[in-house]
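First up is the structure itself, then whatever we jot down about it.
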Amino acid sequence: MPTILGQNQYGKAENRVVRITRDGDTHHIKDLNVSVALSGDMDDVHYSGSNANVLPTDTTKNTVFAFAKEHGIESAEQFGIHLARHFVTSQEPIKVARIRIEEYGWERIATSDGNSKFIGADEVKHSFVRKGQETRTTQITFDGERWEIISGLKDLTVMNSTNSEFWGYVKDKYTTLKEAYDRILATDVSARWRYNWTSDDERMPNWEKSYEQARKHMLQAFAETYSLSLQQTLYQMGSRIINNRSEIDEIRFSLPNNHHFLVDLEPFGLKNDNEVYFAADRPYGLIEATVLRDGVEPKIPVDMTNL
Amino acid sequence: MPTILGQNQYGKAENRVVRITRDGDTHHIKDLNVSVALSGDMDDVHYSGSNANVLPTDTTKNTVFAFAKEHGIESAEQFGIHLARHFVTSQEPIKVARIRIEEYGWERIATSDGNSKFIGADEVKHSFVRKGQETRTTQITFDGERWEIISGLKDLTVMNSTNSEFWGYVKDKYTTLKEAYDRILATDVSARWRYNWTSDDERMPNWEKSYEQARKHMLQAFAETYSLSLQQTLYQMGSRIINNRSEIDEIRFSLPNNHHFLVDLEPFGLKNDNEVYFAADRPYGLIEATVLRDGVEPKIPVDMTNL
Amino acid sequence: MPTILGQNQYGKAENRVVRITRDGDTHHIKDLNVSVALSGDMDDVHYSGSNANVLPTDTTKNTVFAFAKEHGIESAEQFGIHLARHFVTSQEPIKVARIRIEEYGWERIATSDGNSKFIGADEVKHSFVRKGQETRTTQITFDGERWEIISGLKDLTVMNSTNSEFWGYVKDKYTTLKEAYDRILATDVSARWRYNWTSDDERMPNWEKSYEQARKHMLQAFAETYSLSLQQTLYQMGSRIINNRSEIDEIRFSLPNNHHFLVDLEPFGLKNDNEVYFAADRPYGLIEATVLRDGVEPKIPVDMTNL
Amino acid sequence: MPTILGQNQYGKAENRVVRITRDGDTHHIKDLNVSVALSGDMDDVHYSGSNANVLPTDTTKNTVFAFAKEHGIESAEQFGIHLARHFVTSQEPIKVARIRIEEYGWERIATSDGNSKFIGADEVKHSFVRKGQETRTTQITFDGERWEIISGLKDLTVMNSTNSEFWGYVKDKYTTLKEAYDRILATDVSARWRYNWTSDDERMPNWEKSYEQARKHMLQAFAETYSLSLQQTLYQMGSRIINNRSEIDEIRFSLPNNHHFLVDLEPFGLKNDNEVYFAADRPYGLIEATVLRDGVEPKIPVDMTNL
């Protein structure tokens, strides 16, 4: 046979599971999008169509929903760990399970206020509005022995309206850009960080707290860095996380430079004193880099932040 | 000539203008997407291609950016009023101007906390993160005499995890739905409300406050209504606004019923006590209605909430 | 009660029905996205939550799928007519039914060629690739007596690389645009045309042929018009249809002017002889107009082409 | 320093260049979306913000447009090769250039027909309609010595309405799926294939012909395979290309299983003889695999087909 099969994986993608937990009248939501990818002894199904080793993708879907009941959803990471362990340990042909999860945040609707004429309005504890900012992500991979957990977020749009410059760059025959000493810096943060937890023998991180802290450090580093380049800001965002969160060893960013061009108002006899900008769509700068703890080996794939 | 020209309009759509206002070190953002549509004596350009009456769409774009400097952006509504007035009063062939604006909200990045080692971190006042919830909208129409202002929002996703039922409906030969006595009710609110301000002689509403209050009343009504149908909830959301905001006479909603189906876990020996749901994409119920102050004439187009 | 209910409608949106017809080994596909909107005596469900007049949206969904079996799908228009008639005539409270349908085209995969070693490859008649160009649309409205059929298409992207000019326009203080004597003209056609068939007593148009012909005439008019403005091209596209298709009385277009800017290559010592363009996203010109048969009354809503 | 910089790259993404070539009155279009990613000696800009080694992303954008004039666009691959070579050979700090290109196809508008009253209509050679099917892709990577060219396509939607089965799979406690002996098989093909051309010393493939042939073989294999699983079909699609195109050594697929569920019409007293299907959105099966020439080393990243 002149052709052979290489890496392969399969499963059910984008299972939209919503889990409600009722603590008396107070309800809690976990809202996830779960994708399962399994790999192992799957040569036959590719070569001959024999499904003898194939757990149907429909079954992987059922398992996601059943596990939401059986184990609850304490965190996206913990939920993915339950799923990955199950697939690898319960089916002999399955050697590796990779679970990807997106999580959508919700906050409570504030129903009580001084003007409310609705008795008991302040006791409504089952009403929510979707936060709408970033999507939280995680990827759990298990090969039967070691765990790899890469969590992160995407689509967190931020902007500094000053404290950003760009000058002193290389100029070749195609360079026309003018140097900037006070510009807007805006980006949609896509970040993925790898935990150094890899074994059931180690103490597991507090996934919820770790996420909140990593997010906070990134935002603060973005805000507090006086930026000479988006690369510099990116590095500050990454090192702030590595320095403050011992459970995280590596982080990769994909940061589009969302250009805000100062509009030339001189033809209309007006001076634009960094007040009026055109927010451009395309093209955009794209700055991507990994920041890691000194001495550790990088493992986050280069394109993972673009998925 | 066997064919004739009917209603027509033209202009530049989706001008992405960002306006920074600097109050010392404290910066403020207005982030708008402005679309201009002009109509009037435009027969010739359609019949013969003569542009003698045509103000270029490029000029309408320039005007948007110039006005962001000349008038500032106090609110989306006020900005649209400046623009509409200008086009109708400065160009004889232009009889009606319609300005549509989307506004994206931003909030400040909190940079100070007890653990911060960055001196002065609490003084960063130029860093923002996009709110990411609803998109605020407005449509300003001016014919040289009267104003019509229809504001609103879209993509505000809300959910009640209980206090929703659906039963007692018509059953025909195609009906298989089981009655529900405790279900999730979730929707993406798209709402447009019409102000009764129509003339420069009248006192203009406080657009910013009115928006915040209308949004608040809608959310509270959604949360506080024990729902027997999404139609009932819709009507409560609308009447709550009309009753509390005298400046608003009419509101139209388009509310998808974002189905969350209780997953049947019995095949796996599990009981699903309103805990695990599948969030479906399509199809979805779609409930649309106008609620208006008794005695006023409805004017919001039926499909406006779908744009 | 200080608030009242205005226009309202409800139903199941975006039912994705695929109908396979088997003519021996030769299969045929109809691939539709069907949305149902019903209106009538629905005050109670809004005011009190009583569903006594409400046929569930779930039932409207079931009806779509059942009718695909019972009636087949000869055309999107004919299918919508079956559905609208059913809802209005079978449920007393329902006074008006509006069915909106999107149709996605498919073409056969060519499986036979000179190099094929697969015997009988040319006889594969059940394999399809999605066409991927425009989405065909129709809206069927029935009030128990009269029909209104508005069909059309959207997202048909076209470009003329020459034979387009733009000059002789109004110049005000905000005008900076340079006149153009040879530019690219590109747009995404969104068009909706209204048939003059309104009664079961009249002979029904051949919906499939009418669509193909209307599409052809629009494309030919776009290609063959030497354009002094996009408005002129629009009018030619519309009048070509009205003049050639007696079953169509009115057509409305929404045509974005997809700007292709000639790139200034002079800084690099290069001359750009209408060869290299930057395709911009936003802002874009937006030209909208109705063309209609002389003497008929316009009925297509102004914003219908934007839905 | 406790943190260090890992892999990094930067450049301008999504440069939308349209190149018109005029062969007398006959025009030709190339419509590309070009993204540049450069890497090399970029530590300083991350650590200190020094841009001394940074060619601005604005310059990489200018270069794309200038090269469209200087070199023309013979094919996306050839254009990317020009760009990658330029960046690596002209700037000492740049060690690797990666160019990603999406290409959108156009076809001519047929303007002549028997009914045409427009003289010379058959001579219009500058009018185009966008094909709208797949997006063609390529990625060119150059490190100063060796080339890696990975081309492909995405969003090519295909369907077999019969000749697909799925049975004989693993059943565990979460399995409820019924075996299928005649089902619809539908997917959106995302494929990336790697050429074995790596050096300027070797004869370059005919990129345009190779693309057309690879696409054709994939489609034919999809149509002609009697499928017992989507994995089997995938493998046939890949091996057909490897066996027929000696210039291609490896191909990776990401194939969603676009479920078309047979609708249960029994509650309505109807029999569904493989005629009426519900096309579901999410979740979907996702089948991914690499097929490669025996003896070669796989190099296409696992997630590349998902970008």
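The letters A, B, C and D name the chains in turn, as written, and every chain counts its residues from 1.
Here is the rule we go by: contacts are C-beta pairs under 8 Å (C-beta built on N, C-alpha and C of every residue); 3 or more make two chains touch, one makes a residue touch a chain.
Keep in mind the model is a prediction, meaning the values are calculated, not measured.
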| item | value |
| --- | --- |
| Residue-number overlap at the chain A/chain D interface, same or different (half cut) | same |
| Most remote chain, CA-based centroid, reference being chain A | C |
| Centroid spacing, where centroids are CA-atom means, of chain C and chain D in whole angstrom | 28 |
| Chain centre separation (chain B, chain D; CA means) in Å | 37 |
| Euclidean distance of C-alpha centroids - chain B vs chain C, Å | 25 |
| Residues of chain C touching at least two other chains | 15-16, 62, 66, 174, 176, 267-268, 281-282 |
| Chain D residues within the chain C interface of the complex | 15-22, 27, 29, 31, 62, 65-66, 68-70, 106, 109-111, 113, 116, 118, 121, 124, 126-134, 155-163, 184, 216, 219-220, 222-224, 260, 263, 265, 267-268, 270, 272, 274-281 |
| Parts of chain B lying in touch with chain C, wherever the complex brings them together | 1-16, 35, 37, 42, 45-59, 61-63, 66, 90-91, 93, 166-172, 174-177, 227-229, 231-232, 234-235, 238-239, 242-243, 250, 252, 256-257, 282-294, 298, 301-304, 306-307 |
| Chain C to chain A touching residues, read off their complex | 173-174, 176, 267-268, 281-282 |
